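A, B, C and D label the chains in the order they appear, each numbered from 1.
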Amino acid sequence: MPHHVSSPARLEAFSDGVIAVIITIMVLEIKVPHENGLAGLHAILPTLGVYALSFAFTGIYWINHHHLVHRTEEADTNILYANLVFLFFLSLLPFFTSYLLEKEIDSFSVAIYAASMVITGFSFLLLRIAIGSRLKKSGAIEQEDIAAQRKHYLSLALYLVAIPLAFYHSYVALGVVAMVTIVWIYPTAAVKPHEETFSPRP
Amino acid sequence: MPHHVSSPARLEAFSDGVIAVIITIMVLEIKVPHENGLAGLHAILPTLGVYALSFAFTGIYWINHHHLVHRTEEADTNILYANLVFLFFLSLLPFFTSYLLEKEIDSFSVAIYAASMVITGFSFLLLRIAIGSRLKKSGAIEQEDIAAQRKHYLSLALYLVAIPLAFYHSYVALGVVAMVTIVWIYPTAAVKPHEETFSPRP
Amino acid sequence: MPHHVSSPARLEAFSDGVIAVIITIMVLEIKVPHENGLAGLHAILPTLGVYALSFAFTGIYWINHHHLVHRTEEADTNILYANLVFLFFLSLLPFFTSYLLEKEIDSFSVAIYAASMVITGFSFLLLRIAIGSRLKKSGAIEQEDIAAQRKHYLSLALYLVAIPLAFYHSYVALGVVAMVTIVWIYPTAAVKPHEETFSPRP
Amino acid sequence: MPHHVSSPARLEAFSDGVIAVIITIMVLEIKVPHENGLAGLHAILPTLGVYALSFAFTGIYWINHHHLVHRTEEADTNILYANLVFLFFLSLLPFFTSYLLEKEIDSFSVAIYAASMVITGFSFLLLRIAIGSRLKKSGAIEQEDIAAQRKHYLSLALYLVAIPLAFYHSYVALGVVAMVTIVWIYPTAAVKPHEETFSPRP
């Protein structure tokens, strides 16, 4: 069965399923507080914040996954395995999110949470390379793909910085992680709207 | 990757996955009662009722999501992000359902449960606006879209009323929430059947 | 949005997602036994058996759902709501399966388990009627659809018999439930193979 | 409804959903360690390793399922039931993974874990035979299908060897299981790349 080439439809369907489960089961970990009234709500605010961050991280990967896989019309075996590796590391996020919360956002748990984001990012890079090499073969690689890859390197570098930073200021490090995630959203939604005119996609 | 325009197929698939997980994991929270026989069944009736309400709420959002996304043929980045925000707030529903049950339907838990429905409703409105602005651009907006939006405002206003009401009569407030949800179902299924004849959709 | 008519593709996707979660989360309830070695395996055999039964029940409903929805080319609002009601009752199966196991297959838990199967069956009948009335409108109803419905009534009647029977012999009643489920499989797979030749479907 | 022949699209969608849930819920079982810092991380390394193995096992079955179902253009009732049986045994993997971890990788738990992989493998063989018999009917069976089946027998034999081996050296047996899983990946990704040139698929 080597180098089978198939449509990416089922790759997308399976990845959608896995990412949908990952993004949703995290909420199962949020425990109802013992305190009643506003005090209880106040007690779970950090938990909700961390959950929101992990949700955003996963959601942004879904959008990027969507854009990336959308670029190729074929999924070979390398792409299927790179995708599995990516999904594996992403599937650890609910665990590292629980880790962060049970250890009450201490230095080590923030470092390990940021490290899991770095590893997930690297595995997504693998998928990007696997798809890129397929696009290059068919001559379909574009300026935009290279720009996306450059942005990807930058975000990985910043997640990396958060790891040692966590041992000095765990909350600042978590803030860096959150900011990188948010910054990743912002330009995608707002920068270079004119480019669309030049390279519309069906 | 700005303002990428793609078919909404994967948006639907991912949303279906997330909503399917949300609607199903809530049942994991229903605990088998300690009492045997009819007494046990009686003990869990309120739980089953609240679960049914949350299930109906989620299911109706799925149907509305289905109708809304069905209206557009393209999903731009704004729509993808608005959809993620909506799914985020919807994914908190299992948590607020547990909250309601563990706090035994006290005032604060009903207020917070109704508040979560209001926020989910507002985020769905964001998605409606993102898709509506795309429809307006392509001149595909219709009378019916505006009617759906008006009905949406009304239901949000009634969920809002349930929040302060919860502090006087928590069960009455929960009843208001349930009624709004049921009323949302009813007219959709039964009103204006003749309109179909005038504006059939493929 | 009344009597919207859309392709059943998303109805199928959502139902597949919900049924996939239902069928899989039940296994989360199986607890690792305290005993070591064969004694431990022996201790969980009844649990595995009940899980297999619930899995088969859900799986057979998926196959029947597949065949039923496949028959229609359009999903109107009635069908969407009937489908939600069916999914609601099916989603209670993991709960009633836990009920059965935690109460150690006592009479009441078997009766309630069989009752949940009856209610799920009735709600599937609602879906069958909603789709059937659509098929009748378009003149696409067939002999086979009516035969499937008759078989459906029979299985419901037998699940119903299991409810009072549970109070005399809980294991016999569970056996009846299991047999009805298995019998439902058998003829579907083996009876009337020649009919296929006369009415092939694309 | 006998021998209904339908497109395998929904079979794929449902299987993708079930496998996505199976592969992801396993991570819910990983408990945050009590120890802080590196000691805690060290304590959960075996757990992460076993989780990675179960993830790889499931992921590889997904890829093989993808390739297998991709080969047929029709799904008859036999294929639907064989697929359900396969999904049933695969869905037990999270349970046997917990078993392995809670019993701290003792002999019996490794034997039972390997046995569950053998049974899952046999049920996949059933699915392969159900699809193969359909392919033979339509004359679409190929050399490659037979090669895949031979490789399948080999891996089953090696998983089988791991069962008695577990009673002598549980870690060696687990290593055999891991190696078979990895070896299954390797040649699929790397062997016989020239064959692709001779038999490209659309």
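We adopt the following convention: a contact is a pair of C-beta atoms (placed from the backbone, for glycine too) under 8 Å apart; a residue touches a chain by one contact, two chains touch by 3 or more.
Model, not experiment: these values are computed from the prediction.
Novice: Between 0 and 180 degrees, and as a multiple of 5, what angle does the rotation take that fits subunit A onto subunit B by Cα atoms?
Specialist: Rotation angle, to the nearest 5: 90 degrees.
Novice: Can we say the copies subunit A and subunit D touch using the same residue numbers, with more than half in common, or are the two sides different?
Specialist: Different residues, largely: of all residue numbers at this interface, under half are found in both copies.
Novice: Compared with subunit A, which chain's mean CA position is the farthest off?
Specialist: Farthest chain from subunit A, going by C-alpha centroids: C.
Novice: Hey, how far is the Cα centre of subunit B from the one of subunit C, in Å?
Specialist: 26
Novice: With centres defined as the mean C-alpha position, give me the subunit A-subunit C separation in Å.
Specialist: Taking the average C-alpha coordinate of subunit A and of subunit C, the gap between them is 37 Å.
Novice: Hey, what residues on subunit D touch two or more of the other chains?
Specialist: Only 13, 17, 20-21, 25, 28 qualify.
Novice: Across the complex, what residues on subunit A touch subunit B?
Specialist: 12-13, 16-17, 19-21, 23-25, 27-28, 30, 32, 36-38, 40-41, 48, 52, 55-56, 59, 62-64, 66-67, 70, 144, 148, 185, 187-193, 195-196, 200-201
Novice: Sort out for me which residues of subunit D touch subunit C in the complex.
Specialist: 1-6, 10, 13-14, 17-18, 20-22, 25, 28, 77-78, 80-81, 84, 87-88, 91-92, 94-95, 98-99, 102-103, 106, 108, 112
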